[in-house]
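Multiple structures are listed underneath, in structure tokens.
Look for subunit A in each of the two complexes below; its partner is subunit B in the first and subunit C in the second.
Moving on to the complex of A and B:
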């Protein structure tokens, strides 16, 4: 990512923080002061789903090509996905504490993110349980694809089937967005800039993993020559 | 001072810290990439 984009990202997210605290109006009935978490909680959850989707894509690419680089990309994507899922859980718990009175209520939304964390946690257990590299990559890729099948179910379906205290999603069941103009500006800017942050993080980790692989192959080749 | 502004400033400081850390890491990764490209390791392995 170029220097200009980094500066735009920094300024953009800083402005979103200021906008969320000073500029955007608060929701007056239920959320009040805690409306602000919304501008960070939803984008973080969105990025988590995006990382899991990209992990599924690279897992599929690995199964198609058997290139271990794709397996490494799927792994880092799942790592970052879990990190953002934890951030979404923590911000959600803070929100739950101030609106529902307790950090954890086993609400359908909380239960579904908890199960997702377990599913993706198991991905790393699986990886560490298999020593042979090819076999590990193959099993992890299949698991990652199967794990992603559950994501839409847990994120979009389960919380709509059962009664949930969780507020309506941004675009609710009537297909409407109940946000004021300034709230919309801060929220959608936050979504865009968090996505840019996602692109930067992922690109950086991809380069890092590629370099690690080149160095490892170089060392192995050198050892063979000796 | 209004507590809201205190929280906002704390948020801004945390974001600045994260951003500077990422910037430095990105710089280190790019430097490493350049060093590897200078050694022509990736071509040797292709």
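Moving on to the complex of A and C:
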């Protein structure tokens, strides 16, 4: 990543923080001061879903090609995913405390993020349980895809059965986002910059893992020669 | 088709020699049921609580037995022979039907006992039995697949519940909701959402498992 991009990213993120706290108007009726957390909670939650898709994609790629590099990619996107899932849970929980009155009350959205955390926990405990490298990669990839198949149920079915207080209905009615212009600017730039930040982190980790693998291969070859 | 039937028969015969899975699953159900009933005592719980308790007992007792079917193959080291004689998809389906039968047997014992001991009044047996029938497919389908993963991992047992809980949670959530409705209303249409969810889940998890089973089974 070039230096120019870094400068754009850093200033952009700084401007978003300033914009969220000072520039963007508040939602006057229900949320008031609590509107501000919206600019950070939603991007973080969106990234945690994005990484989940990426992990499923690399798991699929691994099963198709049997290349251990893809397994390493799936693993790091899961690691970053668990980080963002925790961030989304914490910010969501704080928001829930100030608007609904309690940190945790098993709202369908809270249930689904909790399931996501459980899936990550299960994924990493499965990985730690298997010794052999290729077998571990295979089982983890299968489990990742199996979990991926069940996620739509938490997104579409559970909120249908149980009543939700999550503010999609407040902000997002009939598929249209009701935001004022300044709110919209801050929200979408926050979404974009957070995504770029995430992809940058992911890219760095990918390079790191790749180098580790090359180094290991080099060492093994050297040992064989000796 | 014939292969599936033969694998199913083989597992039934093997099960009758030791009766390990059946004993484990039944006794686990009875022990948990009596523990729950004992600790609740004379207090009459609401249908909401009873439906949740019923599914928790059902879930954890099935977790105690469903993984046995693949672990047995690894313990007796017959997995490699099985690999040679049958296609992966028919192995999965054979094991799946065995677990399905195991679940039905469990429910035949558990449902009357639960109704009698916990004083659970089912208004609509139509909803209740349909929920059980469709829910079984999801439970057995997901359970069999996770059991296959577990049997290949080095540590067995405790991991099975941890891995299958997030996968099987949709069954649990819609099952509890549908069971509560079976105790509250007569009309089948009231539980429509839940039954549709259970059916969709069962189909999706079985199809995904058949596709993915090959990667777990063949090394």
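The working rule: the second predicted complex is superposed on the first by the 214 of 226 C-alpha atoms of A that agree within 3 Å, B and C clash if a C-alpha of one lies under 4 Å from a C-alpha of the other, contacts with A are read in each partner's own complex, and residues count from 1 in each chain.
Just so we're on the same page, a contact is a pair of C-beta atoms (placed from the backbone, for glycine too) under 8 Å apart; a residue touches a chain by one contact, two chains touch by 3 or more.
Remember, predicted model here, so these are calculated numbers, not experimental data.
Peer 1: Touch test for A:17: subunit B only (first), subunit C only (second), both, or neither?
Peer 2: So A:17 only meets subunit B here.
Peer 1: Once the structures are superposed on A, label A:153 by its partner contacts, choosing first (subunit B), second (subunit C), both or neither.
Peer 2: In the superposition, A:153 contacts subunit C only.
Peer 1: One more residue to check, A:207. First (subunit B), second (subunit C), both or neither?
Peer 2: In the superposition, A:207 contacts subunit B only.
Peer 1: Touching A:215, do we find subunit B (first), subunit C (second), both, or neither?
Peer 2: In the superposition, A:215 touches subunit B alone.
Peer 1: Identify the partner contact of A:5: answer first if only subunit B is touched, second if only subunit C is, both if each is, neither if none is.
Peer 2: Neither partner.
Peer 1: Going by the contact rule stated at the top, is it subunit B or subunit C that touches a larger number of residues on subunit A?
Peer 2: C
Peer 1: Across the complex, what residues on subunit A touch subunit B?
Peer 2: 1, 6, 9-10, 13-14, 17-18, 21-22, 33, 200-201, 204, 207-208, 211, 214-215, 217-218, 221
Peer 1: Considering the complex alone, what residue numbers of subunit B touch subunit A?
Peer 2: For subunit B paired with subunit A, touching residues are 4-5, 7-8, 11-12, 15-16, 19, 22-23, 25-26, 29-30, 32-33, 36, 41-42, 44-45.
Peer 1: For subunit A, which residues count as touching subunit C in their complex?
Peer 2: Against subunit C, subunit A makes touches at 63, 111, 115, 118-119, 121-122, 125-126, 129-131, 135, 138-139, 141-143, 145-147, 149-150, 153-154, 157-158, 160-162.
Peer 1: Where on subunit C does subunit A make contact in their complex?
Peer 2: 142, 145-146, 149, 152-155, 159, 162-163, 165-167, 169-170, 173-174, 177, 193-194, 197, 200-201, 204-205, 208-209, 212, 215-216, 219
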